[in-house]
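Shared between the two complexes below is chain A, which pairs with chain B and chain C, respectively.
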Partner chain A sequence: MQSNKLGWILLAPTLVILFFFGVLPFLYVVFVSFHQWNPFAASPEMIFNGAENFRRIVFDDAFLNSLGVTAAFVVFAVFSELIIGYLLAQAFMKEFPGKSLFRTIHTLPLIMAPIIVGSVWKLMTTPSIGIIPHYLDEWFGITMNIGTSAPVAFMTIVIMDIWHWTPLVTLTLIAALVSLPRDPFEQAQIDGANKAQTFWHITLPMITPAVVATVFIRLMDAMRTVDEVWMLTGGGPGSSTRFLGVHIFKEVFPKTNYGYGSTISVIVLYLTIVVCWLLYVSMLAPRKNRKG
Partner chain B sequence: MNFVLKVGVSALAMAVASSAAYADDSFWKEAAKPYQDVTLRGVTESTPPSNYIREVLAPEFEELTGIRVDIETTSWDQMYDKAIKDMEAGTGIYDMIYIEQDIVYSYLSRDFLTDTTKLLADNPSLKAPTYSENNFTTFANYFRGENDHLYGIPMEAFIKIYLYRTDLFNDPDIKAAFKDQTGRDLVPATTHAEYAEIAQFFTTWGKDHDMDLWGTTAQAHTGHPASWYEFFESIAPTFGIYNWGIDANNNYAASVANGGAMNSAEAKEAMKWWLSMRDIAPPESNASTWTEVGTTFGAGRAAQGLVYGENAGWIAADETKSLVVGNVGVALPPLQDGILDEVEGGTGYIGYYDGGAFGIPATSKSQEAAMLFLQYIGQDQVQPDWAVAAPRVTNKTTYDDPKVQAMNDELGGYYDLLRDKGYLFAGAPAYPFHAQVREATAPILYEILTGDLGPEEGLDQMAAKAESELTDLGYRK
Partner chain C sequence: MTRQNAPQLDTAPLTEEDNENKPTETQETQGFLPIETNAFDRCFISVVIWVAMSLFWFRFIEPTGLSIWISNVIALAIAVHIVRKG
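Our next item is the complex of A and B:
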């Protein structure tokens, strides 16, 4: 009883902060999402319009386009980061000359704010004066124009995201790999398992919780990406990189469409929860079944 | 005049000057006494004129009055975001906000701003002897409400002008080549056809001579509203499309079918011409906002272009940033036949008169102290150095200052053009739904720029989208 009280007392500051800065704003956004509210409309006051915003969203081409490009971005970026991150983690498990230096350099992008990453990549990719288009043209005769080519802009953002966030995946997987017991691997070696079999039947099942946690973190981050994209392409060319985060930003801030923008935010939150749940079920359920 | 008389006159002049200065200083010190514990907070866009306020005027005011002034300079988007959120929520964080000319109507429609004329009338002790609304140029009228009172103190005003490279335009070889090719002399264009001919000539010249030189700039970003502004505020008016092609007196019609002009034949011609210029502009044009256009011109990569006046200063005079110092000329934008007569007759405008003011949010808790600071930056006395540091003129006497006149020579006559031809330019139309219509239609413009939509089909869609947005907002019935 005594320890329960102490626990609540120690938790109280965090709960209070969470309530005021997390729960209350969330409830407010849900409340606003049932209203028509644009402070620069002819009627600037908040008007309750039931589920009209939610009905509208289903037929909103701009939102559906954002949803599509975001889904593509999440799949490309997170999957690539997972593969590259795992390979790098395995590489860092071995000893090689300059390992410490390489690991430090490899981790540096993580400490950069997303807006800075966007700025740096903008400088590097600006047509005709950026270092990347310059050398692509000089060495390979390839013209790269991020302002006109939708696929180029999209892939540039994917690569930028991989560059920025793969170190996080690497570090998480290194932690998971380091903590694995040696016995199962030695047993597998004795039984004559090859590398692929060892990976598939021992390593992967044992690091799955870490992989799931990493995928969740990256997936949630990728679904709300704004800063880097805003800086690099502004959502263009056209709407080809107008990811959900950018779409919500443009709807809520420049257009001051607070009601509808809140609705999109709520839907995106719901979709994120659903996707995470599906992933959780699909990645952890087979493991549980094996146990059972 | 004998020596004694000279000395006497000089002494008298010095006495008058010093007593006037003392009187001014004593006013600020006296008026500021009740606000010694106040810290004024302002938010503005990070531009040369705003940086001058933060780095020069605010410290001067602090030293003079003891009132602390924190000026936050940030990006254009962030500046709006912070100011609007503060005023909407009524938090009163900011005592001064930057009001760009195109947002003032939105702010006035929501009663976001303090009536500075009334504030001074209600508090005569706050009125600085060196401040008067009559000192401002007519640009101040954009910040007046329906009661003709001033809701913002003008802090910058400039026009988007036609800049050209005088070194290239005066080069004998280039002039001869141009004459051979076109049969006319190489002089700044007055029509779109002439401009296009010069642009094409220089782009080809750059290619033939292995130079990083193109014939024109283009503010044609495919994901940033800068391209929207270039078309509707700088290009369309030169083809006779004013106020974005929306007729406020005709139920906010945008489409030709309903009486608007956003998708008119003239608008479509303007769009095609602009796209053709974009196609022969430097490759970075598709990713260029107003800032990058200035950078492109300053890097010597364009022979001519439409550039915001706020950038003209460093392009023409700052050797640490610009490669074309001393080689910049200014002129009026190229026009379709008949447009100049139409505008001089009182209809429309030929380009964008941009700028902004500092206003006091109605939610500010230190309105009187903020009013003191705004008067300080609105005085004639502080204008010349400010105009030299960042080419902007808001007060009538600024033009006559020797420092400004010297700068005018460096800028190829920019200040003369602003003073003499400024009346041909105009700010954004008086719409309270400025950003809303822009954001609703901009994605379609981006598709036109990427080639996913043709200019004709795209403008038709933009007009329809503008009307549906205005209907949703409740302006169009």
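Our next item is the complex of A and C:
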């Protein structure tokens, strides 16, 4: 009982900060989501309108389009980052000349602010001044214009996200791979297991918690990405890269529609939690009647 | 490694002090859900289903004239069932 009391005392400052900076704002957003509120309108007061915002959101084509675009982005980006991150982590487990230099260069994008990444990629992909459209045209005869082609703009954002966040996945997976015990691998080698069998039956099950944690972090980040996309395409061309974060931004700031913007935020939070929970349940949650 | 050199496992029963220091675990029950859940998990699952049902109802059922309160009553019944027997 004494240790419990000490634990609560040590946790208290964190819990207080979390309550004021995490729980209270969340409750306030939920409260606002049930109101019609435009503080810069002729009547700036909050008007309670029940579930009207939620009724509106399921018929909002712009929101549903953003949801689809964001889902496609999350699947493409997170899956690619996981595959490339794992391959790089395996490469860094081996010794090769220039490994330290390559690891440092590989980690550099991670320390850049997303807004800077967006600006740099904007400069690199702008037709007539950008290095990427220039060489694509010169070497392959391909005309690249993210301002007019929706698929090109979307894929450029996916590639930018992969470039920016794969180092995080690599570092996490290196930490997981380094901590693995050697015995199971030696026993598998003695038993004649090939590389694929070793990966599926030994490596993957043992690094699953690290993989799930990494996917959680990247998935939550990808679902609320705003600044990079805002800098690179501004949500265009049309609404082809108008991700949920950009949609909320446009709804709340230019339109000053705080009530409906809060509703979208609550729904995005709900979807993020549900997706992460389903992922957790499918990969880590203890199941009944599990053998062994 | 011979049997004599093998490390001896400590199989002594836990003392009362050890039992006190053991981390406490939440009460998990066996219900119809395919995973082991505690009370908080079942409440969480109920809320998730309630929100999903409400959004589905708004989009597809309410335009036919059926009130959202019917969805809320069904969601409440499901929640009670999950919390009690999940």
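Going forward, the second predicted complex is superposed on the first by the 277 of 292 C-alpha atoms of A that agree within 3 Å, B and C clash if a C-alpha of one lies under 4 Å from a C-alpha of the other, contacts with A are read in each partner's own complex, and residues count from 1 in each chain.
By our rule, contacts are C-beta pairs under 8 Å (C-beta built on N, C-alpha and C of every residue); 3 or more make two chains touch, one makes a residue touch a chain.
Source: prediction; values computed, not measured.
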Looking at chain A, does chain C or chain B touch more of its residues? B
Does chain B (first) or chain C (second) touch A:51, or do both, or does neither? second
Under the stated touch criterion, which partner chain does A:59 make contact with: chain B (first), chain C (second), both, or neither? second
Looking at the overlay, does A:277 come into contact with chain B only (first), chain C only (second), both, or neither? second
Tell me which partner A:21 touches in the superposition: chain B (first), chain C (second), both or neither. neither
After lining up the shared chain so the two structures overlap, which partner does A:8 touch, if you call chain B first and chain C second: first, second, both or neither? neither
Residues of chain C touching chain A in the complex: 21, 30, 34-36, 44, 48, 51-52, 54-55, 58-59, 62, 68
Considering only the defined contacts, which chain B positions touch chain A in the complex? 77, 80-81, 84, 88, 106, 109-110, 220-225, 282-287, 292, 432-433, 435-436, 438-440, 443, 446-447, 449-452, 472-475
Would you pull the chain A residues touching chain C in the complex into a rising list? 3, 51, 54-55, 57-59, 267, 270, 273-274, 277, 281, 285-288
Quick check on the complex: what are the chain A residues that touch chain B? 38-44, 62, 122, 126-129, 145-148, 150, 233-242, 250, 253-257
